[in-house]
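Everything below concerns the one structure shown next.
Letters A, B, C and D name the chains as they come in the text, with residue numbers starting at 1 for each one.
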Amino acid sequence: MSFNSFGRMLRFTTWGESHGPALGVVIDGCPPGIILREEDIQTALDKRRPGTSKFVTQRKEPDTVKILSGVFEDDRTDGPRTTGTPISLMIENVDQRSKDYSDIRDKYRPGHADFTYDAKYGFRDYRGGGRSSARETAARVAAGVIAEKTLAHVLKSAVWIRASMVQMGPYKIDRGNFDWMNVDKNPFWCADAKAAEDWAEKLDAARKDGSSYGAVIEVVASGAPAGLGAPVYGKLDADLASAMMSINAVKGVEIGAGMEAAALTGEENADEIRMKDGAPHFLSNKAGGVLGGISSGQDIVARFAVKPTSSILTPRRTITARGEETTIQTKGRHDPCVGIRAVPVGIAMMALVLADHALMHRGQCG
Amino acid sequence: MSFNSFGRMLRFTTWGESHGPALGVVIDGCPPGIILREEDIQTALDKRRPGTSKFVTQRKEPDTVKILSGVFEDDRTDGPRTTGTPISLMIENVDQRSKDYSDIRDKYRPGHADFTYDAKYGFRDYRGGGRSSARETAARVAAGVIAEKTLAHVLKSAVWIRASMVQMGPYKIDRGNFDWMNVDKNPFWCADAKAAEDWAEKLDAARKDGSSYGAVIEVVASGAPAGLGAPVYGKLDADLASAMMSINAVKGVEIGAGMEAAALTGEENADEIRMKDGAPHFLSNKAGGVLGGISSGQDIVARFAVKPTSSILTPRRTITARGEETTIQTKGRHDPCVGIRAVPVGIAMMALVLADHALMHRGQCG
Amino acid sequence: MSFNSFGRMLRFTTWGESHGPALGVVIDGCPPGIILREEDIQTALDKRRPGTSKFVTQRKEPDTVKILSGVFEDDRTDGPRTTGTPISLMIENVDQRSKDYSDIRDKYRPGHADFTYDAKYGFRDYRGGGRSSARETAARVAAGVIAEKTLAHVLKSAVWIRASMVQMGPYKIDRGNFDWMNVDKNPFWCADAKAAEDWAEKLDAARKDGSSYGAVIEVVASGAPAGLGAPVYGKLDADLASAMMSINAVKGVEIGAGMEAAALTGEENADEIRMKDGAPHFLSNKAGGVLGGISSGQDIVARFAVKPTSSILTPRRTITARGEETTIQTKGRHDPCVGIRAVPVGIAMMALVLADHALMHRGQCG
Amino acid sequence: MSFNSFGRMLRFTTWGESHGPALGVVIDGCPPGIILREEDIQTALDKRRPGTSKFVTQRKEPDTVKILSGVFEDDRTDGPRTTGTPISLMIENVDQRSKDYSDIRDKYRPGHADFTYDAKYGFRDYRGGGRSSARETAARVAAGVIAEKTLAHVLKSAVWIRASMVQMGPYKIDRGNFDWMNVDKNPFWCADAKAAEDWAEKLDAARKDGSSYGAVIEVVASGAPAGLGAPVYGKLDADLASAMMSINAVKGVEIGAGMEAAALTGEENADEIRMKDGAPHFLSNKAGGVLGGISSGQDIVARFAVKPTSSILTPRRTITARGEETTIQTKGRHDPCVGIRAVPVGIAMMALVLADHALMHRGQCG
């Protein structure tokens, strides 16, 4: 079973609640001999860390990662290297603000998992959302670094995985402005600098109003070879769909043309193929780099929609655990657009799916 | 590993190629004591069978299912009952038309998996698409019947799983006309009778032109209790995303508000809760019945987009397996809108995911 | 879950009951490009087939195997080759003698699974033992052929897997007489020709008395490289233990020195290492070729004990399904030493475990 | 994949090396609502802790366990309770003696996994055996406590799992002296007080000689109901075989009569059944409580053989990693009979297998 695990050959299992002492992940199946330092992981974690701009939660978490196993260094190695055994990573929770939780203890916050966790388990760790909190995604980002290294190691060439927010609320980017160089230069990881500026204003207004916006994130992997994936239930795109939909607050996943594919004709949709420099060359990429569940060598393009943050200042009607009608209003720190912090998580999930398939492909097909 | 398997506790494994002697599925983990007759499965298969209207492939396949194991009847039982051991179902291929495959043997059809299967495996069973053919979905529909029975057996109450095509090409239904009573009365399984009439004309024209249309299908499960699902990677919606994306030609999956959720504000998106007849009652269903990966007791709503059939009469540019530029034109029978035949498959996948989670929930939570 | 599946990357799922229409196996994860003909499998099945000597059940089953998927041949291949997709094998049951089952329908045969299947599932397919029948092992032998081919394909060199019965009832072979050349020359697959002669007499007597004998089978894989296996729960020997214990009627499994290892001193037990022809050379093989769960390059040696056939002519005390005390006496055909037919099954299971680990090793370690 | 995981519904994943900063385990699938305190786990860990008698390693490890997730307590619960989410346990390594490892860094210790880990992974964490060290079993014992609680919770009745060493080196216990009351009163966890006295003398002598002894451990579960297990590859005894063989240094596993079953006649082996107090009552237990892979309600009896400690003072011939012939002599602390510390590990593994099957049975059969 895999309630809290993901992947087949590169398998990771996360654990931890928002307000427990720590959270972490165990990665099993990583090949031996890969250089892995805590700093490599820390750099990625710092990017998704809370409190980095006014648009993300103000919780102060240093998110310092420790490698507890699976890596070894001695005076004969040129750095710490993976040993092929499970890699255990831990991140201690520091800022579990000792606030009063009596409100969300008894009331079900609309749009949150409070009601469903109680329905399933009979009770729940309500502090900060417990296991359903987006804090779990720190573990994914950490694991994603190992996945990216694994992928490069197995393929013997780098795969460049990047992501951009392409829509905030109803506001989409202008594809004409798309430039990957922009994504590190604005708080939205947005490839359209102009859109990012516009969004900043709009999100600031929403934040002040106590409202929130959703988002669409696009993740693109460039340089993955043709042949990754498997037929039917092991399809690369089925795994990507599962991976992206498992991210908190995601309600839709698209590959290539996505939902829009339905509106195309067969002529428009099927990407034609020519030769270029002695290699197959597709004239378009409606398929998003996946045909029959197997990568085509084109860019692999996945998109996912994140719903607007459910924690808003406007009072909402709800019920208590005892079935009484009431209202609830979220106070305190929150992300006006949780989609922002989902960007590095999308990169991590793409890396994990690709690394997993790269290992499986090498296993089955040599 | 699960290249060709799906599910955890109710696990099914399909096998078979489009033009092999047969195809089938093994279902493991089905509870004992459920009445199961070949007719029950046949009825569902007859619905998705090729050749039932001019809008689906004219291949003549009776799709007769045989139960080869896992069911037992004697004079003391009131019918054949599942025994708790693996149920093996087989459907023989009959109409593997002995056509000339030399064209698709050597040329990669744009939009098909020809190129990627060769890239992965070095060679392929090209007859009718081999393993990548939608004929595999017959096995899913058969397994879906067992899943629906399992679900009702475990929950001790029926879950009503229905599906409607809600968009054909660029043409969407009118939600005001939506009536489940209509779905069995038109070749599109469409809940909007008027849209179906309109589509019939449009698809007929496209068919004559040798073109094709995509589609969006909506699958709705009514009556599932709150509490099915699991946190993080075992999320009900993550499993649904994987299930739907694993269907041939699917490029996007949505839960509830789906991709549109990105454009909503927090106020619009979070479904408020009241009490009604002593039970929790949600005032809207943007969540599509899933919160934090766990069912809320509302209707579970999944949608998926099917790309237009790639086999079209218009010649398309492509290459051969030897890397020569050429063109290809699909001759012979094909579906102008493969989305039509995906409708019962969507129902089956919803049933399989729900039954799997119902068994897991009973296992973990009693 | 894997109630009826085995293996990770080379995963097989068996189905079928003793007296159903057929039994079979689906093998998933087999590499593409391996020549596979029905005759290859048939040859192995013929060896374990019922009715080949007076010491095995007289049920007449041709055990004809059909390959239903996963293999493709055209005029450009030099034979049918695996495609990398699931291989489905089916063996039809022919001699389901229409005997009267009323006796075993109501009474629990001591030593059989009648009581426990009823306890678990509430009822059972009692005909010939249903799913608990050793007929299931035909599927394993068939799958084992594919495993042996996979192993040679992945390792690019043959691994020679052989087995010998080394004990029948209380009578052990003389290791001084051990010669693999003998195993195909007697009905016991015994490497000690003299012991086999002796056993034939003793088993004939037991058969006439309506009694039965147990057996110990030794399976040896020669030529497997060092490095197959994994730490802790993926240990090669843990998988072999599971594999062998899953064979019907097996009650003990040993690797190398086995249970006797307990009686050795540390000096006697730890196999010393020297160099020979430029390669590591172990001076003994108490470890049975596995250290820390990983193969050492020595012969991999597994042994398992099969209990005596529980179906005997002597009446035994038992109860009915309704809880009445009674006696039961097995009539009709049976194997006086089921261990005989377990010999090829042991070979198959060794092949399956090694092939699985060879694929996983290639996947993880390249 | 499950290189470092075990179990299906109650699935645990261990991580950590002998001389890394910590080791631990993540348990997924535990039912919600079970009282779980650190003390409960600590008590079990204290039993297997190093340094408790002169017969076990003198390494000083407090083995203090921390619960990092999956448990929640507030003023309304009567103690910390499991939440149904992953439980992460960590034990910090304290006494990683900064000894000189140059000897075992370069030389392969006979009987150890040094050679095979290098063969598999190219290099290894050699400090104290790294991942192949028996320190990993602390994580199993910790997880075993949760398994025992899960088992009692699911079955709504206690299952009593006990173990005794029944053989040390060539010296077996006298079954006539067997009394479970003795196991906590001697350093061998031996149910025969007289044998334990005798063993103490013999092991002391071996220890002084720098030699070591193997052992046989018997684990018995009393009170488990009939019906746990599954056919074929999910057999309860196949899982027990895998579980016990996965313990460090184990070379043989037996269920019930075990290897001796081979020497019995059919009459002797098949346990007859009578009624007693209105319930089925077996007159003997050669089957060890498992028939056809499913529990019969009798005591479940598993035995496993542990080879003698490979680390001995006597110099042994071996090679270096560079292929030079040399000798090695183990200095410093070691266990003269590692079997002693395997006793609580056997209990833990029995608990994990039974709890897993209890959850699966409830899932599939209600």
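As a convention for this text, contacts are C-beta pairs under 8 Å (C-beta built on N, C-alpha and C of every residue); 3 or more make two chains touch, one makes a residue touch a chain.
What you are looking at is a predicted structure, and each value in this text was computed from that prediction instead of being measured.
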Quick check: more C-beta contact pairs at A-C or at A-D? A-D
Work out the mean Cα position per chain and let me know which chain is farthest from subunit B. D
Indicate the whole-number Å distance between the mean C-alpha point of subunit A and the mean C-alpha point of subunit D. 38
Whole-angstrom distance, CA centroid of subunit C to CA centroid of subunit D, is 27
How far is the middle of subunit A from the middle of subunit C, if each middle is the mean of its Cα atoms, in Å? 45
Which subunit D residues reach two or more other chains? 1-5, 8-9, 14, 29, 32, 84-85, 120-122, 131, 231, 360, 365
Which positions of subunit A touch subunit B when the two form their complex? 1-6, 8-9, 14, 108-113, 115-117, 119-122, 131-132, 136, 167-170, 206, 211-216, 225-235, 237-246, 248, 251-275, 278, 280, 283, 286-288, 290-297, 305-312, 314, 316-319, 323-325, 339, 360-361, 365
Help me check something: in the complex, which residues belonging to subunit C touch subunit A? 1, 9, 29, 31-32, 84-85, 154, 231, 359-360, 362-366
In the complex with subunit C, residue positions of subunit B that touch it: 1-5, 8-9, 11, 13-17, 20-24, 26, 28-29, 32-33, 66, 68-70, 72, 74, 77, 81, 83-88, 90, 105, 120-125, 130-131
